[in-house]
Structure formats: structure tokens, C-alpha cells
Amino acid sequence: SGGVWGLERGYCLMIGGERAVVERLDPVFRTLAPGLGTVPRTPGREKAGGTAEHGYLYCGPSGAGHFVKMVHNGIEYGLMQAYAEGLDIFRNAGSKDLDPDLRYDLDIADIAEVWRRGSVVASWLLDLTAQALVEDPTLSNYTGVVADSGEGRWTIMAAIEEGVPVDVLSASLYVRFRSRQDHTFAEKVLSAMRQKFGGHVERPSGG
Amino acid sequence: SGGVWGLERGYCLMIGGERAVVERLDPVFRTLAPGLGTVPRTPGREKAGGTAEHGYLYCGPSGAGHFVKMVHNGIEYGLMQAYAEGLDIFRNAGSKDLDPDLRYDLDIADIAEVWRRGSVVASWLLDLTAQALVEDPTLSNYTGVVADSGEGRWTIMAAIEEGVPVDVLSASLYVRFRSRQDHTFAEKVLSAMRQKFGGHVERPSGG
Amino acid sequence: SGGVWGLERGYCLMIGGERAVVERLDPVFRTLAPGLGTVPRTPGREKAGGTAEHGYLYCGPSGAGHFVKMVHNGIEYGLMQAYAEGLDIFRNAGSKDLDPDLRYDLDIADIAEVWRRGSVVASWLLDLTAQALVEDPTLSNYTGVVADSGEGRWTIMAAIEEGVPVDVLSASLYVRFRSRQDHTFAEKVLSAMRQKFGGHVERPSGG
Amino acid sequence: SGGVWGLERGYCLMIGGERAVVERLDPVFRTLAPGLGTVPRTPGREKAGGTAEHGYLYCGPSGAGHFVKMVHNGIEYGLMQAYAEGLDIFRNAGSKDLDPDLRYDLDIADIAEVWRRGSVVASWLLDLTAQALVEDPTLSNYTGVVADSGEGRWTIMAAIEEGVPVDVLSASLYVRFRSRQDHTFAEKVLSAMRQKFGGHVERPSGG
């Protein structure tokens, strides 16, 4: 999974199918895979062996490779959303609605950049974020309308089948659903209840 | 807490302050409180006694009454959001994006009404929802821009101070935050990451 | 839907199937349904008519009745969780970890009782909660291991198929998944990461 | 922020205080900071300049550095939780409760390893996870009792002050709160309601 960067970075392969067939194709996978590259070796991996550190992996029978790739994408949504929420806190830290003593006027592009060097949150997604922010610090060229692929949805459904709580992965998907609507019907239900029980006057929409 | 319905329905009182003062004012509270009214007595309450079933309660020293009222409002947000999400599922059950065999064209006003009679989800909030829906079945007269009071925010902060997980109460508050913006900065961060790693073309916003 | 209370309270009927068949059975449904009962009429309902206020509803072709009942149960989970989280905040409001000035020692059974009279959160679920609390104020006779039915899961899956954000309904389901495990594998992953990056010593489990 | 790895990896510095003082100390910060190192330069950064790509950043007046570090930790929780949930789906993919055709018996250590090479989810946290898994594939040496620092809590409080929806960061904190209890009072409330309305027999706790 490497998007348009695949050719430059290489991309790891998650493979499912009949074991015998996959083993016969091993030389092909080894050639396509990114290999050890410049990524430091995981301590302890020398004893475990296998192909994973060469950037390709036989995951199991037909469907297993897709399953692993599907959950990869579910995790990706969660990681993206974690960064996005944190940067949104920075963006609104200078809001005039806050007590002046609690306001901060922060350079978000610089923060993303400094985190690339030695912080716990360093990652390839952060690299891309830093690049986008240095080009367009307010991200005003982006709509914020965010598509989702089937993989994100199937990840949640698989988790529910298994009885695994996935609060973060679900919330990340729902943010995308929400981003594609002006207002949900759910929000109109809230407005309606409030009007009925409290005579609340609705405020006009913000920016 | 009874909003504009207070005079008609009566409203329960959550009282904090010095015990001696509150006890001296007992006749006042008893007069203001809704009393036993037509609400059936809770089985077992006859042994417990106290003023609660008369619709007023001494909660503790100064601040305790506000604390109880604050959490009441936090719960209120959660209840409202639960109904709202469920009705949103009905609203979209007829979507043309679904397999025709899985589509349902439902009368949401009728569903809210039928649930008022003997279902597990019967409540005063459902009564109000049924009223709003029978008047305006698509709720098109409501904006979906939803204010929040300080109480909802303080409820979450109190929970965090205590180390209590409050997934539902938090999510209900965040829906309101989200409802007051066209797009969050977080969503623009997602758009930017996607553009950088995948060359995704952004879809125009939906309705 | 009325659980073991059905016979006493009556329970509303959500019906799907061929319209002609359902119409022929109308007298049966009308007899089984709770009827107008003592529930006040919804303002505006007199013009809308229909059977809903008699406690039964034809929802649509085969499957529609189950769909409506399914979402009913999803909402039920959300409502229950909203109350549960709020009462958990009360339960921990007296914690010795809090600043003494911010501690409250609250009578949760009394609070549930007082809310039954005129508050915004009054409901049948609150009635049951008040009853359980007056009998067992610390709920120490309950395990907190919470089952979930297929309906709660299907509700989330339906929402995802439709692209409807359901943060509260999902979180309510996941709390139940979590309640049935000592620790999730996810939590062990967190422990492992923390140990690797920070040399964190793990604290023994609390009560 | 670099935990026990700081000396080996270097760690980036987020600095707040009086600008004049911070500028005078610039040589000290430059010496302590990790510098450009082997991290590839962000495209476009050459025009922006500044110290961020050298691994240290003046964030603003007193408090600003702590604010940035606080949100860093909030994001960290979210990233960790996203990986943790995804790996939990793998862990339970072989469950005997699933339809045999939908079961996968996956090598989670290998999956984490292969993702280190060219996938979208590559990160330093994933590196640590891969290391922990290759040493202890079931993570049975970890308790799953997860502490949280004040920073995670303050991040949520700051977001709420600003009116920023932070579903993922909140959920990540609440998982930690939950991990430190056998059962929440909230779960006991759910048990109690279920017993009252449905006569549900409680299932004994799982493993």
C-alpha cells in the first residue's frame, strides 16, 4: 500500500492465496517488494526470519491478503484522524472566544516539521502533513470533503462480527461520513427537540 | 429542569447549600416541586422515604445541586443523540445508493408515535420528537445548527477529572460542535493528507 | 417491544409484510396493541391519523418491521449508556483522588427518583433504574457483564451501509463488547508500546 | 519528546517563554536538538526556513511549549489506539465464534513488520510494536492496564474549551480509564436496567 508514492518508496505486499502458488511466485514478490531498504532492522527479528522484513508477506488462504490490507486502511483512517484532531486544537487555540491568557497563536506548519525529528508521533503521514502545511499553512485550498473507501467500512463490520471494540476506527469513519453533508438529519432532530422543549432560538450557521 | 414546559409539567428541583438553610426552606421547595403527581411510585421507594419522589432533593453542600443539574444536562445530550442517530438511519434507509432489496421507505413520524406506547424507548424526549415530526415530517424547518450549554462541557470535564469513561456523552457534545461549522480544520487536514499520499481528487460537497 | 413487562404495560407492534395480509389482520393487531391508554395524545396527531397512536404500525414490506425493531434496540443501547455514564460520574464524584473541595457524596438512588418527576430525562428506562437503585444503591449485586443482541450490531452495520454517522450507538455497543473481557488485546498493545518507548512500569490492575 | 530513546534518537524541543530569552539560548537548543539528521527534507521547507527542521521550535510565550507538547501527547494516544484496535481485529480473526469461512489465522508480528516497509501506516510507534510482537507474539507478558498522563486529559479539556470535536483523542483516553477497572459502575447500571426490563440472566465474565 503506497498510493502514488509506490514507485518511489516501494510498497509492501500483503498476499493471500494457495500456499503452493504463492511460494512458486516468491521470486516475483521479492523483486516487487521494497526489501530491507534503509529501514532499520527490528531488534529480535533476526531470530524470527521470514519474508516480512523484505516487505512482502504471505498472510494465508485466499482473502487473507485483502483482510490484512483492509484493516491496514482502517488503521490509516484512525492515524489520520488523530493528527487531524490535534492540529485542529492548534488551529483554534487563538480563538477570540477564549480567555486572552489562554490563547496561543501557533505556527502549525513548523510544529508538524519539528515533530518529524525524534518525536513519538513521527511517521510518514506526518511527513505528508508537514509538506501540505508548508505549502498552504491554512489548508484553504482543501475542501474538507473526505471520501471513504469500502475498506474502512468493512474493517468496522469485521470488528463487530468479532465483538472487538473499535471506538477510534469507527469515529474516524464517521467523521468522513459527516464531512460529506451540510447537515445530518440527526442534527435536525436535535434542533427540533430543543425547539420543542426549550423554545431555543436557533443560531445561524458558523463559518 | 423543565424548559418552557416547566409551568405545565412542574419541574424537579436539585438543591445544594447549607443543610440547615435548605431544611428551613423545605415548605417552599415542597410547594414549588411537582409532587407525586401521576407518576407511578417506584417499587421499593416506600421504604426509602425522603423527598425525591415529591420532586425535590437536597443534593449536598453548595455546588452539589449545580453538579447534579450539570450531569442531568450531559445525560440529556446523550439521550437526544441516541434518538437522533436512530432516526437518521430511518431517514437514509430509502437511499438510492442502497441495494433496492435493502431499501425501506419509512414514515418516521409514525414510528416515533408508535414507540410512545409501551416501547423500551418511551420518554418525554420521544414525546417531543413525535410532536415535531407530525408537524414537519422531514424537519426541513430546522437548521441542524445545535448550540451547547456550558453544562454539557463541564460534565465531560468532571468525568475526566474523575477518570470515568464517557464515550457517549462526549460524542454527543462533539456532534454539536461539529454542527456549527461548515468544515473543521481537521477535515481539511484529512483532505490534504489524502491529496499528498494518493493524488485523490476531492469530491464536491453533498447536500 | 416490552420485555417481561409486556403484559402489564402492553407493547407496541412494528409490523412488516404484504399490505393486504396486514390489513386483513388489522383487528388482531388492534387487539394486541396497547391502544391510546393513558399516554397523552401528541399535539397535531389528530390530523395525521393512522394506527401509530393505537400502538401498532405497518412499517412496510417483509423485513421493514424487523428493521424498525432493530433500530429501536440500537437506540435503546444508546439511551441506556447515556444514563449509565452520567450515574458513573456521580458514583466517582466522591473519589479520594479528587480535590476535597470538588468532591460530592451523592445519593444516586434519590437523584434517579427526583428526575422521574418533571425532568427532561424522564423515561421508562429511568423508572427501572430508579427501582434498581432503591433496592441496591451500589448495584453490587450486578456483574457489569453486559450481553448484546444481534439487533445492536445490525443497527451499526445498516448505518455504515447508508453512510450515516452513529457515534453514540456504536460506542454503546463497544462498551458491551469491552465489558465481557478482562483485557482486550488492544490494551496489551498499548502496554507493549509504552514499555518499549518509555520504559513505563505497569501499574497493577485496580478494583 | 522521546522517552528513554531520547539519547539515542535525539528528541525534538517545543519551547515557550520570552522571545528574547529563548533567542539568547538558541545555541543551546540547537546543540540539544536532533538536527536535520537522516530525516529527508520536507519539499517546500527550503523556502520557509526557521529552526523546526533542526528539531527545535520556539512556540510562543510562556506556556506555549507545554501546550504544544500536551497536544503531541494527545495525538500519541490516538495513534497508539488506532494501531491497537487494528491488531485486535487480527487477534480475533481466528475466533471460533466466526463462520469458518470467515476466519483467518494471522501472524501479527509479521504483519507489523511488513508494514514497516513502504506502507501508509509506517511510523516509529509501529517500529516499537513490531519489536514487542517479535519478542512476545501474544503479548501475554503485558497486563493491558494502561496509565494516562495529565497531558492526555488536558488535551481534551483544551479542545472542549475551544469547541473542537475530538472523538478519536477522547476515545483513546477513555480506553485507558476503562483498562484500569474490573467493571465500571456504568456497566453495572446497564446490567441492572437489563435485569429490570427483560429479566435477562447475566452471563459470567469472559476471559
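All chains are identified by letter, namely A, B, C and D, in their written order; residue positions are counted from 1 within each chain.
Here is the rule we use: a contact is a pair of C-beta atoms (placed from the backbone, for glycine too) under 8 Å apart; a residue touches a chain by one contact, two chains touch by 3 or more.
Keep in mind it's a predicted model, so treat the numbers as computed, not measured.
Listed by label, the chains touching chain C and chain D alike are A, B. Of the two chain pairs considered here, A-B and A-C, the higher C-beta contact count falls to A-B. The distance from the centre of chain B to the centre of chain C, each centre being the mean of the chain's C-alpha atoms, comes to 13 Å. In whole angstrom, the spacing between the mean C-alpha positions of chain A and chain C is 31. Counting partner chains per residue, chain A shows two or more touched chains at residues 3, 81, 83, 85, 88, 91-92, 120, 124-125, 131, 161, 163-167, 171, 174-175, 178, 180, 184, 186, 197.
Contact residues on chain A toward chain D in their complex (touch as defined above): 1-3, 6, 9-14, 33-37, 39-40, 42-45, 47-48, 50-57, 59-60, 63-64, 67-68, 71-79, 81-83, 85-86, 88-93, 95, 97-98, 102, 104-107, 109-111, 113-127, 130-131, 134-135, 155, 158-159, 161-169, 171-172, 174-175. The residues of chain A lying in touch with chain C in their complex are 120, 153, 156-157, 160-161, 163-167, 170-171, 173-175, 177-178, 180, 184, 186, 197. Taken in their complex, chain D has these residues touching chain C: 3-5, 80-81, 83-85, 87-88, 91-92, 124-125, 128-129, 131-133, 136, 139-140, 142-147, 167, 171, 175-176, 178-200, 202-207.
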